[in-house]
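The structure is given below, and queries will be raised subsequently.
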Amino acid sequence: MTEAGVIRVVFAGAQGRMGRALLPGLAAADDVTIVAEVEQGDDLERRARETRADVVVDFTEPASAVSNADALLAAGAHGVIGTTGFTEADLDRLDLAARKAGRGLIVAPNFALGMVLLQRFAEEAARYLPAVEIVETHHPDKLDAPSGTAYDTARRLARAGARAGRPGAEPARGLDVDGVRVHSLRLPGIAARQEVHFGGLGEALLLRHDAAGRDCYLPGVLAAIRAVSNRVGLVRGLEDVLFGERS
Amino acid sequence: MTEAGVIRVVFAGAQGRMGRALLPGLAAADDVTIVAEVEQGDDLERRARETRADVVVDFTEPASAVSNADALLAAGAHGVIGTTGFTEADLDRLDLAARKAGRGLIVAPNFALGMVLLQRFAEEAARYLPAVEIVETHHPDKLDAPSGTAYDTARRLARAGARAGRPGAEPARGLDVDGVRVHSLRLPGIAARQEVHFGGLGEALLLRHDAAGRDCYLPGVLAAIRAVSNRVGLVRGLEDVLFGERS
Amino acid sequence: MTEAGVIRVVFAGAQGRMGRALLPGLAAADDVTIVAEVEQGDDLERRARETRADVVVDFTEPASAVSNADALLAAGAHGVIGTTGFTEADLDRLDLAARKAGRGLIVAPNFALGMVLLQRFAEEAARYLPAVEIVETHHPDKLDAPSGTAYDTARRLARAGARAGRPGAEPARGLDVDGVRVHSLRLPGIAARQEVHFGGLGEALLLRHDAAGRDCYLPGVLAAIRAVSNRVGLVRGLEDVLFGERS
Amino acid sequence: MTEAGVIRVVFAGAQGRMGRALLPGLAAADDVTIVAEVEQGDDLERRARETRADVVVDFTEPASAVSNADALLAAGAHGVIGTTGFTEADLDRLDLAARKAGRGLIVAPNFALGMVLLQRFAEEAARYLPAVEIVETHHPDKLDAPSGTAYDTARRLARAGARAGRPGAEPARGLDVDGVRVHSLRLPGIAARQEVHFGGLGEALLLRHDAAGRDCYLPGVLAAIRAVSNRVGLVRGLEDVLFGERS
């Protein structure tokens, strides 16, 4: 029988970088028990059913994330999904599926508290200081450029009215994401950094986040695990979970 | 007779650094007319009466700011005050005086849009990442250390629950403002910079503001001049004026 | 008759941004006298002859810089040239012309002391930490991207053995200058900044230069004016002038 | 019998933070063999004799560093010492002892390549831009403030002619080391950072080093192990070892 108040978690992607970094911390939380670790190729739906999982945490590849979400909903679980690369159509379909199942799905590109704050502040600043560019730096092993999180920040800024300080098609001017320029550096010795540079009349504002290690994602993942069973449908990003809904 | 919709402004401290920097921009605004420039020694109350001032803007010395505020209220004007150094008792007294007079007084240590945003974000971040320290850099001619604005940021952070990452009485650990450490650099080539450094589990968040020139204060001063006649009593800081009251 | 020890200077481009910023400081130097200010369209050779110029300082456009250099050598003057955009062929031809004339020509993309130091340090660091990328930020009115100085830094780094931390053709990865990536931000509120980011095993080194105003170029231009008459042929950059020749 | 070309190393302080971080990398080097690991309380001289050590590496406490140095010299070994806190008198005595023994002693406060470069560049920049301040940030568990390395940088800057941009006894102005101000931040999420801020006429130069992990010290420690047997007497810092002697 399930111990009262303890959340039964299946972790998909346990052998990946995020899995190895997060599992010790999750296992140490009083109100969480890891009932199964699954990898790609395992039957996620069956494992979630057998273990009576409350929540499935998915840090696998984008390629498997949609079918994993279907599987966990079919097993009656809620989902916390940290993979990126969903299309808008994917997200709409997942929202519909979660609502039908009466379950919650939290999909977030980044679980670091400071990054969630940075994105929230960046959106607000863009209303008053619309000239903005993003510079992100990651280790050279990172395959994509820009990072999923920087791309997400750029789209949020663009929706809030931000634009590059100057247009221009020169290669040095970086990637144009809906009018916001993104620059990606790939260097050893820096784990993960994102800078949002705002410029105004005679002044400049910088927001910078540095993730030194993957332990910075643990508090956000734990908060999502604790919050998701009170949700129905898709929740995008960790902001509402951490800070409550904004009016 | 007063032209409809134009705000009649007396500027106290016109020959100071801020005065010389701000006056051309204020004079260029369609809805503002500078009806008098006064210096220390002038009779501010009489000049404000004679010129039928709507608003007195005060960028003089802390020593004269309280009596200037009394004088402008006595003349029936509203006040926008950019001097720093008021005690809590001063501010309480000014609030009472302004309420009795049925007039508004906006007192702000900093009118730069980006700095107002930085302080707002810093307060919010301190609730989630309480370990924080402040580093501010100004030109070597600045007489006080820390700057009035950095001191103000530190007190706001402390009220929001922030604390130094580590206590300690060593001189290198800077000034302790209610538990928040403040470090002041004085160097040529840098006009005015404030950094708020947050640290958390495996992550760091930086908020940095650079004021390159005094033209960055113009939009905030104009916004205060336009807003103050709709207020009664003391308004601390520019945040409400720029962003509206928070629930 | 020429006053002993005073250098007679003709300034070409006096009405440009650099000209207006530099001329008051040059005029204030005890050992320099501005004998003429010329603009494009004026006959530079004749003006230099008539005024018995020792040195012609040229801050005009790249389009006129080569013919101006020929003109000043023909007039028997030395040259200090702050325009950018010369080709290697141009520079070789100018060197030959200066040697024939027995005169010195100092050509530098940047006269700020701190930038000369940054480039010198960057070259040295690249030998030990070869993974490097450049980020430069300028005001939105700047027409070219990257800046001439950032381009120059990138080529020096490449010659010293530097390379990007990771290749890649994505637009966010910036401009590839001989293997070194350059990223250009264009934002109001920032005059001129260059950052060189080095990454190594578990460590990162940053060199950053900020030019707040054009007065930062004055000491370098004065040093070049004082040094150029002791040179024959072309001198590239201000490094030798400021720091002496390296063994 | 000793294998030709392999350096026999005794490591003192193997169970400390640096020891645990460095030993796997040292053991993996082809030309190094760890013949003993010793702790405080062990007889270092006897262990070094028994194992016929070529080099003793000491990352113990300052309190034991002087007697350890005597012990390793008595055993006929060379020394690489990474502890800090020696007085000038200590260093003079060690130099004398090493010369008598005909052995080399490399004493360095920091073995990170980028930090050695930063200190070298900082000294050179101070000759041209003498207004400078240091800001260092470490994790809250660090007991001393400022760090030994920041203190060392400050003394080098002072010897090169640097001074604070402005004097002043306010607590926010930090520690005065021979005229150079040092500010120490202690925050979680940042391993080890040192910034040297230079200011000049209209310009600013920043040198910043970040050590993300202790693996950054490995290349420098290996270089010192390889170089020390060619030295007689005390070598201060890693600069000569890495870059060769300066003229």
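To keep things simple, chains are lettered A, B, C and D as they appear, and every chain counts its residues starting from 1.
In this section, contacts are C-beta pairs under 8 Å (C-beta built on N, C-alpha and C of every residue); 3 or more make two chains touch, one makes a residue touch a chain.
Model, not experiment: these values are computed from the prediction.
S.K.: Using the contact definition given at the top, which chains are in touch with both chain A and chain B?
M.R.: Correct list: C, D.
S.K.: Please identify which chain has its centre, taken as the mean of its CA atoms, farthest from the centre of chain A.
M.R.: C
S.K.: State the superposition rotation angle between the two copies chain C and chain D, fitting on C-alpha atoms only and giving a multiple of 5 degrees from 0 to 180.
M.R.: Going from chain C to chain D via C-alpha fit gives 180 degrees.
S.K.: Would you kindly state whether over half or under half of the residue numbers at the chain B/chain D interface are used by both copies, giving same or different?
M.R.: Result for this pair: same.
S.K.: Taking each chain's centre as the mean of its CA atoms, how far is chain C from chain D in angstrom?
M.R.: Each chain's C-alpha centroid was found; their separation is 38 Å.
S.K.: Centre to centre, by mean C-alpha position, how many angstrom separate chain B and chain D?
M.R.: 45
S.K.: Which whole number of Å gives the spacing of the CA centres of chain A and chain D?
M.R.: Centres of chain A and chain D (C-alpha means) sit 40 Å apart.
S.K.: At least two partner chains per residue is the criterion; list those residues in chain B.
M.R.: Counting only residues that touch two or more other chains, chain B contributes 189-190, 198, 200-204, 210, 212, 216.
S.K.: Treating touching as the only link between chains, describe the layout with one word: line, ring, star, complete or other.
M.R.: Per interface graph, the chains form a complete graph.
S.K.: Which residues, counting only chain C, touch chain D once they are in their complex?
M.R.: Answer in residue numbers: 112-115, 117-118, 120-121, 124-125, 128-129, 198, 200-216, 218-219, 242, 247.
S.K.: Quick check: in the complex, which residue numbers of chain C touch chain A?
M.R.: 131-133, 135, 137, 140, 142, 145-146, 164-166, 168, 170-176, 181-190, 197-204
S.K.: For the complex, give me every residue of chain C touching chain B.
M.R.: The touching residues are 189-191, 210, 212, 216.
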